[in-house]
């Protein structure tokens, strides 16, 4: 199977998820999920909180494995890879963590240089040049000697982005890149995602809630709920497909297919008004 | 009654399971040692934090332990007119028991907790996951250097502790209480044996203690739920588990090395 | 980069400091100089009583260390302790008629072997034998053996039991060592009062290795030092018959005299009123019928 997929390098989908089923703590997170992420595009994955969007990213990187189904990344079945092969694959994937996950022991420069130092034996001059180029790309070349604790949330996320692209990956996964950013920082990050995609052709996967931001940047949107893709399409059409999911999610209604109430027993009975009525 | 019994059973089974997981974690650490050789720089850095930064507390405590031991022994020994033995008894007590045990307890409190808290926070802030994503094995990069640093630092710290104790003992006995300097030292050198007391007592014991403390600290930090109360709880458990392990192992080692 | 270097330098300093401390401990506070084993040769000597002499105790000439005690053993069938002395090659000129004496360094100190040179022109070689020996000296025998008795002889080879009656066993308890010539040959298996004779019956378990003890030997209760525990000493007699399982030792010496002597020497001074050094003194608080 690996050969058949690799025989088509022009395959439009860089990530191909087929029949993925995952059960976490007894709760079914994904139920035979099918999803394609096209090459060279910005794909957004949206959905109500708790639908396992971050879990989906972890499946793509092989940090988690599903109970059933397959996850193909650039022709490799991730759930069948050895740890070593997985590490090789991960060197080609950038991952932007929700809380940046900068190494607190090192300054900005060393944080960005970290993957280079771990995986290459490049001379110091070259490392310096690569790191400064990436920092320049995110506009933080001047902050190279700051420690992570001295950075604002937006700056930290940009440093993390510089670190994620230091190996010029084929795929970047953004986990909630807009959370907690002020409008200026948000726009900076938006612009970076767009630029990276356009100039380097990096395939991007975006997990986020911010509809307006996503409409500006994404080529394709998946809406996931109840472990399945409930809607998909480009930003212009997706909120007109008329399904109750999209209406609730994009309209922001409090009640709908996603209930406002967490599953509970009968209300009146809980308050004691219907004694013995069950 | 029965529920209490069951609870007791659960505690026993729970701690046995914890010991088992800890042992498996040790295997993972040992297996990762070869691949962490290229992170030698990180080991050196951890040795600095774990070892060199603990020097102050170790030296201070060693000094005071030696001083108080000398003071106590002088008064007891003066009953038998044997104050000349102060030096040798201070040295033997420190080398065989107090040095390794007190150093280990201090080390668990100073370095063990900071290792646990640091790794716990690294997990809470996704730094461990980030390493996984950057194709760096966090066991090799985070766990092994700290484990090795603890292993190397403990015997060195214990030697420093013992040296300071002897110095403190001499300060009190000779300079304050008036034991003859020559008698103090000659009695010590006559009764302390380099193999039995220094190598077996100090070095072996503290090597084992260092490994145990570092293992418990790394394990607790690595396996705790990555939340703030998880980290706080793990830090406490590191101190409690290390202390119990140190004192229990001290008995076993003493029985074996004697 | 400078940040990284400073860690390395600091850590290096720490390691050097730690090893310096180790070197200090090993060289300044221990007998590393003493226990260094250079080229040496072994001579042996037989003592009637080695007291508390231990292996690795120093061997001295004129108070200066020339070697150490390598082993102490009791040959089965003999009532003398065989002591092997390992002497440094440097001190190769010990006359064959030298005397080996067991001394105690001070009242509370450990014992060591002192060599007093003779006048012979021949020197002892490896495996040589010192004929002239003097055991622990009388005063020391009384004040004696201050710290811990040697280990109780192991009972792996089996043991046989003999009994002895004492008018007073002092603080003798089960498990106390039984010694001959200062070497442990067994242990006290049982101490109980005899309801008929109104004295103490002590059962001694003696290692079967030592099955040639004359049956007219005497048993005495001694104390290892001022604050030490008590033990039973066997003083061999001259009978051709050996002790067997179930025999009784007729000649016994009770616990009191020695303690009274020590009391007189060390606690009360010499001008004490109750100088009843021969009898079963009443100044002994623990146990005893009198």
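When the chains are written out, they are named A, B and C in that same order, and each has its own residue count from 1.
Everything below uses one rule, namely that contacts are C-beta pairs under 8 Å (C-beta built on N, C-alpha and C of every residue); 3 or more make two chains touch, one makes a residue touch a chain.
Worth saying up front: this structure is predicted, and the values here are computed from it rather than measured.
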Between the pairs A-B and B-C, the one where more C-beta pairs touch: B-C
Central subunit by CA centre of mass proxy: B
Computed distance of Cα centres, chain C from chain A, in Å: 79
Whole-Å separation of chain centres (CA-atom averages), chain A against chain B: 43
Separation of mean Cα positions, chain C and chain B [Å, integer]: 38
Multi-partner residues of chain C (each touching 2 or more other chains): none
Touching two or more other chains - residues of chain B: 45
Parts of chain C lying in touch with chain B, wherever the complex brings them together: 4, 7-8, 10-11, 13-15, 17-19, 21-22, 24-26, 28-35, 108, 110, 226-227
For the chain B and chain C complex, residues of the former touching the latter: 41, 44-45, 47-48, 51-52, 55, 80, 82, 85, 91, 95, 152-153, 155-157, 159-160, 162-163, 166, 185, 188-195, 197-198, 202-203
Chain B to chain A touching residues, read off their complex: 45, 121-122, 125-127, 129-130, 132-137, 141
Residues of chain A touching chain B in the complex: 61, 63, 87-88, 90-91, 93, 95, 97-99, 101-105, 114-115, 118-119, 163
